[in-house]
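There are two complexes below, and they share subunit A, which is joined by subunit B in the first and by subunit C in the second.
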Partner chain A sequence: MSVFSESIVTKINGYLGRYETKRSSILPILHELQDEYGWIKPEHLKGLSEEFGLPEVQVNEVATFYSMYRLEEPKKYRVLFCDNIVCHMMGADSAMAKIRHMIEDFEKKTGKPSPVSLQGVPCLGVCDGAPAMLVNKDRFLKVTEHNVQEIVSRYLDEASA
Partner chain B sequence: MGNTTDKVKILTAFEGIANSRALATYQNHGGYEALKKALTMAPGDLIEIVKNSGIRGRGGAGFPAGLKWSFVPKAEGQKFLVCNNDEGEPGTFKDRYICELSPHMLIEGMAIAAYAIGAQKAYIYTRCEFYEEIAWLETAIKEAYSAGFLGKNIFGTAFSLEMDHYSGSGAYICGEETGLLSSLEGKKGQPKLKPPFPAVSGYLGKPTVVNNTETLASVPWIINNGADAYRAIGTEKAAGTKLFCISGPVQRPGVYELPLGYSFEKLLYEDAGGMLPGHTLKACIPGGASAPVLLPDELKGLTLDYESIAAKGSMLGSGAVMIIDTNTSMVRLMEIIANFFHHESCGQCTPCREGTGWIANIMHEIVSGHAKEEDVDRLAVIAKNMGGKTICALSDAAAMPTMAIVQKFGDELKAYIRKGKAS
Partner chain C sequence: MTQQQATETLTFSLNNNEVTVPKGWTVMQAAAREGIKIPHFCWHPGLSIAGVCRFCMVKVEGRPKLEIACNLIATPGMQVTTETEEVKAAHKWALEFHLINHPLDCPICDQAGECSLQDYYMSVGKYKSEMTLKKVLKPKALDVGGDLVLDTERCILCSRCVRFEKEVTKTGALGIFDRGDRAIISIYDDKKISHNYTTNLVDICPVGAFTSKDFRFRKRVWFLKDIDTTCPGCSTGCQVKLYSKPEERRYYRIKPRFSETNGHWMCDEGRHLYAHMNPEKRQRTAFTPKQDNERGSKEQRVRADIRDALAFLKLKMAKYAPSDIALLVSSQLTNEEYKKTFAYFVTFLGVKKVFAWRDSAENIEAFDGLLNRGDKNPNTKGHAASLEAVGLPPVVSKSGFADAMASGAKFFIAIAPENTQGFVSSFDDQLKQLSAAGDVALFTSQAEHAKNPAFDLVVPLKCFGEKSGTFLNAQNMESKLAEKPFFPLNDQVKDLVEITALLQEN
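The block that comes next holds the complex of A and B.
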């Protein structure tokens, strides 16, 4: 497993014997790789298929089935905005439009690629705080077009500073 | 035995209590006494109590929990208990609330359930987007191990139980029990054909019970207070309390623990404080995105239990009450529902994979102003052909709300098509 750093190999090994079957550890290991590298690289999937003795396609199909795995190099900050029923009713569309506008503005002004990406996702399970979004692992509630500027500019400003 | 629809705090007993998640707090309020009591009883007697309590699965299907437990073969051997904490039904946020309030109530309920069915290993499967909640659960599991409520020879008995947490990764279909088990096995979360049911052949082909978080967290109260006490709450066919998640343009959205059979109007106008100023009730989806929408007339006098909502042609589901106001376009709402199910279809069965795609495509055509009025009828035809033909219920879950919206808001859809926009 030379494609992995030493620290991550220790973590991976911790999962291999944790469940009744070695294969159950694939999902947690993919989460660990994503936490460590920010995304899951093609060579990681190849490395795992060797480790598990599985055809590469079987590791790939797991990684691609679940939408929370990132298989492309992500921006530093990934905004996952709920665009489902309740968040939509409570103003998700206009808040998302505002974020999109901020990202475009940032790129125009600085000439640099935005460190923030925006993606609509299904219900985040916090409809009592709709509209809701995650920025990486941090959850924000009642995000509207009125307060979203303040939240997202923190992440954008950090990059332009 | 008289039924009561007065409020009883079972799952929300720790509301307003400081440090409610801590083991010490839980024990100060009688925590783990139910497990201690259960371990003095025969597993079969526990199953009888849960059966007699009348509790039905709180994840959405409403299958009697005790009956599910009784399907596990009595013979010795490796067995599993899995808590379905993969809360993903749009509009639902009640299991999250249990994790936030009292993770030990869930762990205690799981230990009792595991003992009753003879499981030696239990898993909590949570959607990974619940980052904080997962940390709380993992802490609580550690605490329970240190105190001897998990691990070897619990309360000095012969019963031993290992418990672990497992994170999903953003797939709604893993809320379906066989999809969840596929995922737990490290595979794509695709559902499997039943029978065999998981109680006979589940995780790794071993007998496995999959119960919802809310169901399992109700178990300690049932053991402490008895089946009759639980049955006395709610209606004759729908016993106990249920966590209702009310959301949308209302004054106080949130989780409310209510006896089954509680008045919808009381929930909306008293508990949730009514509509936000300037918003008027247009409709309500009473049980998550898969539940058919109900009109204000159908909501009058409605009581919140499995039978009453089914009589109106919808379902109680997960208890996700989504209030829709007159500012909301049913065209956009239907498009959101269609996109959701299309995105979440696992792709195994043609009626679901293609049907959800066709519905989503027609909705995009409508929204972008490229549809004809007869496309609305086409939605109904497609939906009608998606029900009862697939491995799991996702196809039906996509078809039912579609048919209801076409039937009840067909005119709004057609008016949109004529104008090419919302009126």
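The block that comes next holds the complex of A and C.
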């Protein structure tokens, strides 16, 4: 039994034939897996070598090199907070500290793992709206320690409800 | 240096000297040939070019930046300088970057004394570190299979090992995982390296990241002396360096040296062929049968001086007709030894029953495609040629031992092989049969062979580290043992050139 769905297998085979070397196809294949499943599971990495003959060492080299490949299961809401210079100047630091604090609080109070994760990322390209933040694919501008509570608690509350 | 056959050449200037090299050569190759030392970590003449260590910087006239010599193809008229202030500064900075997360545990590192980082620090470094950040900690003392222990903190990520795995053994077991200062060289999961060439990774590792289980913590390298010799492990005859601490009469390791025969590499099997030469394994003295008037142990044999043992051998041979004597010789002697041995026993004494002491189960034709051959005797061809020279059929037969037993001889002069790795299946059996076969004179370097008290006439032999001479390998190429070998274990062990001289003396 394949660990991949049929549509993914077709796509993988497409990538494998597209480039001069098989190795070159690892990058787009991993993207495909991440888009499909949300993250890259260990059994996917294994499956790529067992079912498609890509060397495990090479697949893992690529997967661990790029930090945009998620090798751990993501939370339901991924907060990507810009931590570059402009956002930093406009108070990204304290806003991020606030979110971190909220997540800790939530876990302490409910005893459940938080549905929200926080990650600092480089420039989101909206310096005019700094500090900027993405929650999954929703964009928030001018997020400061004063209004961040309102935004993030929406996602946290939804989970505890 | 695969481009060596290229006929076209070009001339460029290296440190103000005109050098002519084949087209396609890199500046690094040219410098290596000219004996100009350009500091480098990732470049290795037996591997592809990676250009990752950024250490082999040279100045090229007319180019704004320094270039890496390993990946700089020489062009006609190019003017290259390897020692300018700019280059020196580049080396110093590059070295400081390499050492940022290096643990500096030289006092407990086996590579100390032959480590590129140490050498280059002394030749191009000598700076005061300006790093105030804590070093990144990484996994240490990992067993990655074969003969290897991996310390990822000492690693400078030159990727030589990764390329060796990819290009030479084609196993691809190693990779670089993660990124930046967290990057580590490792195997994937628990898929350990398992081939016969693992210790080459220890050799090519410029730092102490890979160390050998066999050599780890056994001896500081500056106590070791080395000789250039030939590996006696199989009929390939790799050119090697043998390391010993002569004062201890103890051997520690074998490493390959570059030659046409073996390139830069050798197999793990050959690496272990020093242990049998150490004192505890050796037959140190001769044995002769106990005479009636002698006291001593209950055994039927006593320790004796080698000269007495040889005199006894001569007396014994005189009791038999030459046709009753069989000579059983291994294929592990040198050409010189064969010549003298056959000259004495065959030509002078008239012994015509000469047999090869071989393993009947060996697969002579086997070859692993790189270096290791199934014929575990280094001088099968020389053995055959020497037989022919004295008018005997030049056939080194696998069934030589069985033939000797069936030949009807009453006295066996048996010269045992020093390396019995290729005899695993039958060597003990053969020794047992031999001890029951009748009168035997056993020549051996190994105490193990002579431990059966039934062998009451034993002559101790030298091992390959103590001998000079030549082998003829499977490709009919002559390879030399050391011209100045190590001092022998004691004055009792002899090679067959010396033994036949003693036999002829009186």
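In the analysis below, the second predicted complex is superposed on the first by the 131 of 161 C-alpha atoms of A that agree within 3 Å, B and C clash if a C-alpha of one lies under 4 Å from a C-alpha of the other, contacts with A are read in each partner's own complex, and residues count from 1 in each chain.
Quick note on the criterion: a contact is a pair of C-beta atoms (placed from the backbone, for glycine too) under 8 Å apart; a residue touches a chain by one contact, two chains touch by 3 or more.
As the structure is a computational prediction, the values presented were derived from the model and not from experiment.
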Superposed model, subunit A: greater residue contact from subunit B or subunit C: B
Touched partner set for A:E61, first subunit B, second subunit C, both or neither: both
Which of subunit B and subunit C A:E73 touches, first, second, both or neither: neither
First (subunit B), second (subunit C), both or neither touched by A:R18: first
Contacts on subunit A seen with subunit B and repeated with subunit C across the two complexes: 61, 65-67
Contact footprint of subunit B on subunit A as seen in their complex: 18-21, 23-28, 30-31, 61-62, 65-69, 80, 83-86, 88-90, 121-128, 130, 134, 137, 139
Touching residues (chain side subunit A, partner subunit C) in the complex: 55-58, 60-61, 64-67
Subunit B to subunit A touching residues, read off their complex: 78, 87-93, 95-96, 121, 127-132, 164, 166-172, 183-189, 203-204, 245, 247-249, 253-255, 285, 289, 320, 322, 324-325, 327-328, 332-333, 336-337, 340, 343-344, 346
Complex contact set, residues of subunit C against subunit A: 172-179, 187-189, 191
